[in-house]
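Think of it as A, B and C in the order they're written, each chain with its own count starting at 1.
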Amino acid sequence: MDTEILSIETGYRRGVFDLTADATRFISGKGDGLLNVFVPHATAGIAVIETGAGSDDDLMDAIDAMLPRDDRHYRHRHGSPGHGADHVMPGIVAPSTVVPVIDGRLALGTWQSIVLVDPNQDNPVRQVRLSFLGG
Amino acid sequence: MDTEILSIETGYRRGVFDLTADATRFISGKGDGLLNVFVPHATAGIAVIETGAGSDDDLMDAIDAMLPRDDRHYRHRHGSPGHGADHVMPGIVAPSTVVPVIDGRLALGTWQSIVLVDPNQDNPVRQVRLSFLGG
Amino acid sequence: MDTEILSIETGYRRGVFDLTADATRFISGKGDGLLNVFVPHATAGIAVIETGAGSDDDLMDAIDAMLPRDDRHYRHRHGSPGHGADHVMPGIVAPSTVVPVIDGRLALGTWQSIVLVDPNQDNPVRQVRLSFLGG
């Protein structure tokens, strides 16, 4: 298995961060197999959505509607307001996905991007692990 | 890795489409390994649920309750009403899953089916990629 | 592929059950690869979240808010009240995840645990399949 850790500079900003270029570079030339994208943080997720046409911000709004950032809703209360919601989010937007790779290219659809979903404004940098298993 | 693309005729219909028979055929005789089911569209997802007893339609209703089809909620606005919601859905119902395969058979539970979840009524046909990595 | 089935005694209790110790033991000494955790039940899911600081119960509350346990919402109605919601949950909290394994260790973050999410109070024991594909 080939594996690599990315450092994504989120700059304390909540939002969606596109990982597609990094993933494309990582699997370039690697043939056929499965790419796992995994974020080793308890307040972030990985998604595959369209970016750049508003859906990235729409996803953040939908998460906030589903998981209100009023800490009275949560047992887990510390850090910035809404941190309790941040810890529930990975139950809904999971920290792991798998994308097929064909002949060294991501088999994504035209409008799909692999993204880090980070609702947590308390961190300036996030790690993401890319792992490729060929076959 | 063995891989194959299915064409699923949704006929412009919103709903849940059972892929289990296609997946069963695809991995038949392939031994042990992991099956990845991936939909290369930005407005569809893959789930593993019970079908045929109402839960498939219940899932569509739950998605509509979580992601209201009133386009005032979304920055991404074009196509049919609700298309903004369609683009958020893959953040919640991801376009990728992995199912273990044992001795050429899907290791699903009795009541589990692998399904395409398609809230988008603008397409008559959807592609789904099946990929098997043995070991 | 190495594979093993765990029996998790939930004791008819709704909640989150930590699988991390079992997964750690299972992949110990197995080198690099991908671990798939899969629950072969139609009313349970797998998540990767922090446990022990309240977020496990917060996740159950969030699921109940998103999928109300009033059976008038569901076509699928039988068993205990809320069973219709139990059958929708795997569409949101999927029954499958993949975690990278490096040198026989789970590449989880400090605060991440792999958990079984079981909203269904009708079962005393749940099965979970662990599968490791090295490479």
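Note that in this section contacts are C-beta pairs under 8 Å (C-beta built on N, C-alpha and C of every residue); 3 or more make two chains touch, one makes a residue touch a chain.
All figures in this text were calculated on a predicted structure; none of them were measured in a lab.
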item: Any chain in contact with chain B as well as chain C; value: A
item: Homomeric contact chain A-chain B: same or different residue positions, threshold half; value: different
item: Cα superposition angle of chain A on its copy chain C, in degrees to the nearest 5; value: 120
item: Chain A and chain B: spacing of chain centres that average the CA atoms, whole Å; value: 20
item: Per-residue overlap in chain C, given as positions that touch at least 2 other chains; value: 34, 66, 92, 94, 98, 133-135
item: Contacting residues of chain A [partner chain C, same complex]; value: 1, 3, 34, 36, 38-42, 66-67, 73-77, 84, 87-88, 90-92, 94-96, 98, 127, 129, 131, 133-135
item: List of chain C residues in touch with chain A within their complex; value: 32-34, 47-50, 53-55, 57-59, 61-63, 65-66, 92-94, 97-100, 102, 107-112, 117, 133-135
